[in-house]
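Contents: one structure, followed by commentary.
Chains here go by letter, A, B, C and D, matching the order in which they are written, and residues are numbered from 1 within each.
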Amino acid sequence: MVLTMERKAMEIFENHESQVRSYSRSFPTVFEKAKGYKMWDTTGKEYIDFFAGAGALNYGHNNEKVKKKIIEYIQEDGIAHSLDMGTVVRAKFLERFTEVILQPRNLNYKVMFPGPTGTNTVESALKIARKVTGRQTIISFTNAFHGMTLGSLSITGNSTVRQGAGVPLTNTVAMPYDTFMQDHHSIEYLERFLEDAGSGVDLPAAIILETVQGEGGINAASFEWLQAIEKLCHRYDMLLIIDDVQAGCGRTGTFFSFEPAGITPDIVCLSKSISGYGLPLAITLIKPEYDIWAPGEHNGTFRGNNMAILAATEVLSYWETDVFAKSVQEKSKMIKARMEKIVENYPELQATTRGRGFMQGIACGKGKETYGSEICAKAFEKGLIIETSGPDSEVVKFLGSLTIDEAGLDKGFDILEEAIQEVLNK
Amino acid sequence: MVLTMERKAMEIFENHESQVRSYSRSFPTVFEKAKGYKMWDTTGKEYIDFFAGAGALNYGHNNEKVKKKIIEYIQEDGIAHSLDMGTVVRAKFLERFTEVILQPRNLNYKVMFPGPTGTNTVESALKIARKVTGRQTIISFTNAFHGMTLGSLSITGNSTVRQGAGVPLTNTVAMPYDTFMQDHHSIEYLERFLEDAGSGVDLPAAIILETVQGEGGINAASFEWLQAIEKLCHRYDMLLIIDDVQAGCGRTGTFFSFEPAGITPDIVCLSKSISGYGLPLAITLIKPEYDIWAPGEHNGTFRGNNMAILAATEVLSYWETDVFAKSVQEKSKMIKARMEKIVENYPELQATTRGRGFMQGIACGKGKETYGSEICAKAFEKGLIIETSGPDSEVVKFLGSLTIDEAGLDKGFDILEEAIQEVLNK
Amino acid sequence: MVLTMERKAMEIFENHESQVRSYSRSFPTVFEKAKGYKMWDTTGKEYIDFFAGAGALNYGHNNEKVKKKIIEYIQEDGIAHSLDMGTVVRAKFLERFTEVILQPRNLNYKVMFPGPTGTNTVESALKIARKVTGRQTIISFTNAFHGMTLGSLSITGNSTVRQGAGVPLTNTVAMPYDTFMQDHHSIEYLERFLEDAGSGVDLPAAIILETVQGEGGINAASFEWLQAIEKLCHRYDMLLIIDDVQAGCGRTGTFFSFEPAGITPDIVCLSKSISGYGLPLAITLIKPEYDIWAPGEHNGTFRGNNMAILAATEVLSYWETDVFAKSVQEKSKMIKARMEKIVENYPELQATTRGRGFMQGIACGKGKETYGSEICAKAFEKGLIIETSGPDSEVVKFLGSLTIDEAGLDKGFDILEEAIQEVLNK
Amino acid sequence: MVLTMERKAMEIFENHESQVRSYSRSFPTVFEKAKGYKMWDTTGKEYIDFFAGAGALNYGHNNEKVKKKIIEYIQEDGIAHSLDMGTVVRAKFLERFTEVILQPRNLNYKVMFPGPTGTNTVESALKIARKVTGRQTIISFTNAFHGMTLGSLSITGNSTVRQGAGVPLTNTVAMPYDTFMQDHHSIEYLERFLEDAGSGVDLPAAIILETVQGEGGINAASFEWLQAIEKLCHRYDMLLIIDDVQAGCGRTGTFFSFEPAGITPDIVCLSKSISGYGLPLAITLIKPEYDIWAPGEHNGTFRGNNMAILAATEVLSYWETDVFAKSVQEKSKMIKARMEKIVENYPELQATTRGRGFMQGIACGKGKETYGSEICAKAFEKGLIIETSGPDSEVVKFLGSLTIDEAGLDKGFDILEEAIQEVLNK
């Protein structure tokens, strides 16, 4: 009978939902319940989650502390939806975010609520950078992923989704990311284009980048590279925008992914795990001197999703001391170790490891790219939710929640190894 | 002490939130609680809500039926966030939406979850229309409002937000809306541009429109005009996209705003009240023959917001019979009557009434545009939340929740009249 | 043997020239000699020329006065090519043009040599208008023709040549020309789009127009319409650009086509007959206050074609008194009379007359469009060179040289009537 | 009295010509006569010409052979202007060009007459490449110069002229030219961008390049680089366009500049010296399989400038044997030798030599860029016309006519050396 429900649901998706659906194809089941790093489908099968809602569930599924607060709030008829009207929840978040996150890091930003999605914070960042500088061009990087609406898509690298635009994507220039060329001379290249008045690249309003490229292949920029980019931004009076939608909120081991590089972006984009319960929320952080918006110049109906803001306030408690960050950093080492052993144990993959923190991947080598998808499919059969990344889906990407314990990590990686073995023995 | 809290919150907004905030300026207080058609601020002051979250709260604040379901779901650790993976909640919504909404109206659409905001459904509609036709141009209308991301913004009329883009907005052509010219010859005009191969308007992929323009001044298109547009779309093989983000979900008295016109759009955009609890959700309805998406060609982290989908499923019960729709239609007449009386009673405004259903407005006449903002500001002081609309904020716009009762309507309109009197006697 | 030469040349065109050639298809012969309003092909066949090099030969083929001067100049090794270096020829032209053309008309313009083609003067006009205003949008009109390079093409109406761009044409808006709508309410439309801040048409840098649309169907704007456009330009601080490439240099009976309308454009584009011998030349006239070019900001190798400038100086003698203009105006009446009689005599064409001066046409009626091409083809067989115009080639267009005599006009129109009769009797 | 004429002419330029003029500022005099490699101003002063009309006078000023033919043609009332109608002159050119130029080089191209300027042939090349491939993006190179109309400008590198567009320049990507990076790894960069589906550079329609960049600094690509580019074009199914407007027509020592590299472009753009008398003409050569134009899809009034075509036919005689080419190659060595000696003799310039054939330059080193303009200004005073090139005008550029004799070269270089000495001794 349960099986019937599963089958019926699958038919409903096939008959009534658009062909655009994707994860329901990678993970072909019907989920019903979730807690921490585990999910269960309608047949009761348990899954270890190394995907964490594409990085939107850094604090695990249905985090108990947040859950309690949300239920209370709903029960008391707290304001659910208020656009950008003043609410108690909104004030508290702004206060706490400033105290817990910004001030201890010596950061001074105005907080903008641009609409509750990653693409919305990116679009708002592009707008304000163009307004501040009066210039049009934005420099982004190879294999960047910034979103699906026309502005964000124009700075996204993937050719399939770019073509989906149906119109040319303009006013942007793609430059080589730190890891794009083997010789790592990407900074010299960028510098030449900026310094030569005849280069054909118009002086940009801003440079936007992810410190670790989540969708583009778990490419992690070196701190030196990030510092060099910041220097170029200062020299040429361009704004530096860090899209920390996936790499932020602790995923790399610090709240902001750029902290260990010692740089200070002019604009920061946050979304995914900023709410911490998988509730849609995004914020854009803007240096006060650049906060020259006219009221309502960028808006959106769901920019004031109070339940999400309430959750976002609650999870700030993880960042009051450095205990949580340190635990993430510790577990990151364990993840790296397991990945390196896999690379060593399965030379057939000709793989290498990549990334940092809770954003690491095993990149299958040239000519071995298809292993990526095969391994993830096999792992799913065995009860592990894990996704690929990269232009050829060649990277097996770990993106588990930061709250996962060692047992969970072990179990997940054990399944992953089994999957690899089976794929290779096929 | 409460006053202090209010003052402190206001300071927090001023110091820590971006200058972009707008409604917190129109309604300068700090809200704490809401129920049905009422809101309360931290001082305990009660407000009648004629704004309903810009149309995202058609079923009132914190609707009891939905509230119970959400709490249960959270308590049972139902899946909160799942991108577009299969979940029980998702399957149920698709099934129920088909049964309750589509089939009784003889409509056949595939449902796409494009990301949880209005602008996201619009961007997805533009993409698929361009993909289906292989053409670039989109025709939109004067005073249209479709969203703030680059694609949606390019079909939005308002010059202030357009300028916010910081880059030229391209591949779109603005045509006169039904009510734009006094002579109402907008169809002939559009037709001439399409039929003349030398007109300079390239054959478009699609025409996108709101049947009632919510932000652009509560302009309501006649049914004849909508039918003429549909005919042009068929004749010139263009897709017809109805952006029903604000006018849909019952706001005009039927579930879809285009029902009484007897037309069948190729694509329908829904958001705002589709979830019914102010939770971020959007869906794009696409005729099956046009659902030619590649998997993942348009995506977004928060496209599977299960709490919102659960709420959306629950509020479908309002549409199982025609009782609710009829009550909305009845109350609409009352709204119209009150507005017409106001127009009559205050000839100094040189006003006219506009709109249909729960989307009606009082448009102050030429030279009297500033009364719009003054009246709304005064009404707020007196405990009524009501907003302006139109290029010069000249329209006082009623956008209350559909579940408001007659007493609520009466009380709200009484306050509005008092506000008008005071403004005029100033 | 002559026939063989003809045949061989035709083969050469077919085998070695690109498929893009067009007039060699409309007029399938090989021309060898020309004088005044006559041309001869290699077989010795004589043709009356009602086409005048698409309006580049206003003073007839191989005008004797100019011819003598050019030969002298070449014989004396005068500077042929000098970019924009100072030459005697250049100085004399500037001096004479100011004295003979500008001063008597109370016009004050700086003269720019933008490269020797119509499209080049138009591109230069768009650039300076955008630089002066800091805005991007240019308003052009339905059925406009301004040129084939990307900037000019973006303000050209014809869908076939627009599609040839291979990229979307942007930053332009097409508005209805005076004659586009039957009700002639085009000014009201344009005005509404400009006055309504929500119209979706961004405030333009400039309006560009032809007073008579040569390629778009010999549509002549009324003087009232031109005056209304000028007023709108002043009210909204937009520049008014008159593209007088085809209608200027006397073609409509005055040197500038806009003189009888009493308007003063901010920028005027001249080419085609400005040199008067069919030699490539173009000039852009710019009000001194808008001449804010940086040196070399627009350039081009052939902008200083001294032979053409010499010719241009020589033909100014036609404009020293009003004798020539008056003769053109007289002959224009005769042309109109002949055309009206044709319309009357051949009701099967359901035709109407159009245009003014030496730029008039017979427009075949709805459903009769194909007659246009058939008549011109038949006329060519009979020794008359005449072309069609309009989006459906429905207009038989007279564009003879201004120096043609009455006998020439008579003979040409006689051939035209014969051709019409034969086509209708077919 | 002569001096007065000079002064008066200068006043006329200042008062009546646009500020956009540039060469009349570099060479502040009024020219009257020219022959071979010499020019004279109105005061009778003689100048050696190392500029040759920016490369439009490869066969010298007022070439005797051509001069005679033109005078004859004019005297006989040959067709001056005919758009693209068939003329005897046009047929003869097509025949001769095929016989003398194309066939001996095993090249098979259709000839298009796109309008008489360099920018026009470039715009036509972009259009046909986009039409053939159905793609939009064009790859051009750093410091490229292709023209001033919107399409050509979008692939031109110089930031000042780009900004002159007044709108964003789109659908193009600038890649590093062979000489742009010190490490010469530009091919690897380009290759990575093409091979990586996530690079953010959409698959281009074509690559366009100059084999020697005339305006961008006399940068000469190596033959290996050109061959590598051709290979990439084949591998990725992109068209290869060579803009040979300045480097073609013998300037580098062979008729086409790309001959010694052994590559076969899909499209070739020619202008400047194609007519050989400084008369405006341009042609686009297109492989027959790509000549898919619709008739008239690209056009232009002056595309059939018969006097220029006649001249173009006449100068083909220089290419009937290899005598002329060899003499150019011999003299090129002498030019190189003189330049290298200058570099050696004046180490203060920290200069290097660049270029090939009759397109060579002395590039002043880092920090010494301003010497370029100073030297040219001083040389002009002393009777030598020579221009700078490069993003900072740092290159002293030799661009003399190919027919100059050794005495002329010697005299010119002697003046140049004197100028350098005086500048350095200042």
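The definition used in the following text is that contacts are C-beta pairs under 8 Å (C-beta built on N, C-alpha and C of every residue); 3 or more make two chains touch, one makes a residue touch a chain.
Here's who's who by UniProt: A, B, C, D = Diaminobutyrate--2-oxoglutarate transaminase.
Given the structure is predicted, the values throughout are model-derived calculations rather than measurements.
On a Cα centroid basis, the chain most remote from chain C in this structure is A. The interface with the greater number of C-beta contacts, when B-C is set against A-C, is B-C.
One inter-chain figure worth recording: chain A and chain C are separated by 58 Å, centre to centre, where each centre is the mean of the chain's CA atoms.
If you average the Cα atoms of chain A and of chain B, the two centres end up 30 Å apart. The distance from the centre of chain B to the centre of chain C, each centre being the mean of the chain's C-alpha atoms, comes to 49 Å. Annotation for chain A: residues 136, 160, 167-168, 170-171 touch two or more other chains. The touching residues of chain B, when paired with chain D in their complex, are 167-168.
Every residue of chain A that touches chain D in the complex is listed here, in rising order: 136-137, 140-144, 155-160, 162-163, 168-174, 176, 180-181, 183, 185, 188-189, 192-193, 196-203, 216-217, 390-392. Chain B contributes residues 5, 8-10, 12-13, 16-25, 27-35, 39, 42, 53-57, 61-62, 67, 70-71, 74-88, 90-91, 94-95, 97-98, 110-120, 123-124, 126-127, 129-131, 136, 147-152, 154, 160-161, 164-167, 170-171, 205, 271-272, 277-280, 284, 286, 291-302, 305, 307 to its touches with chain A in the complex.
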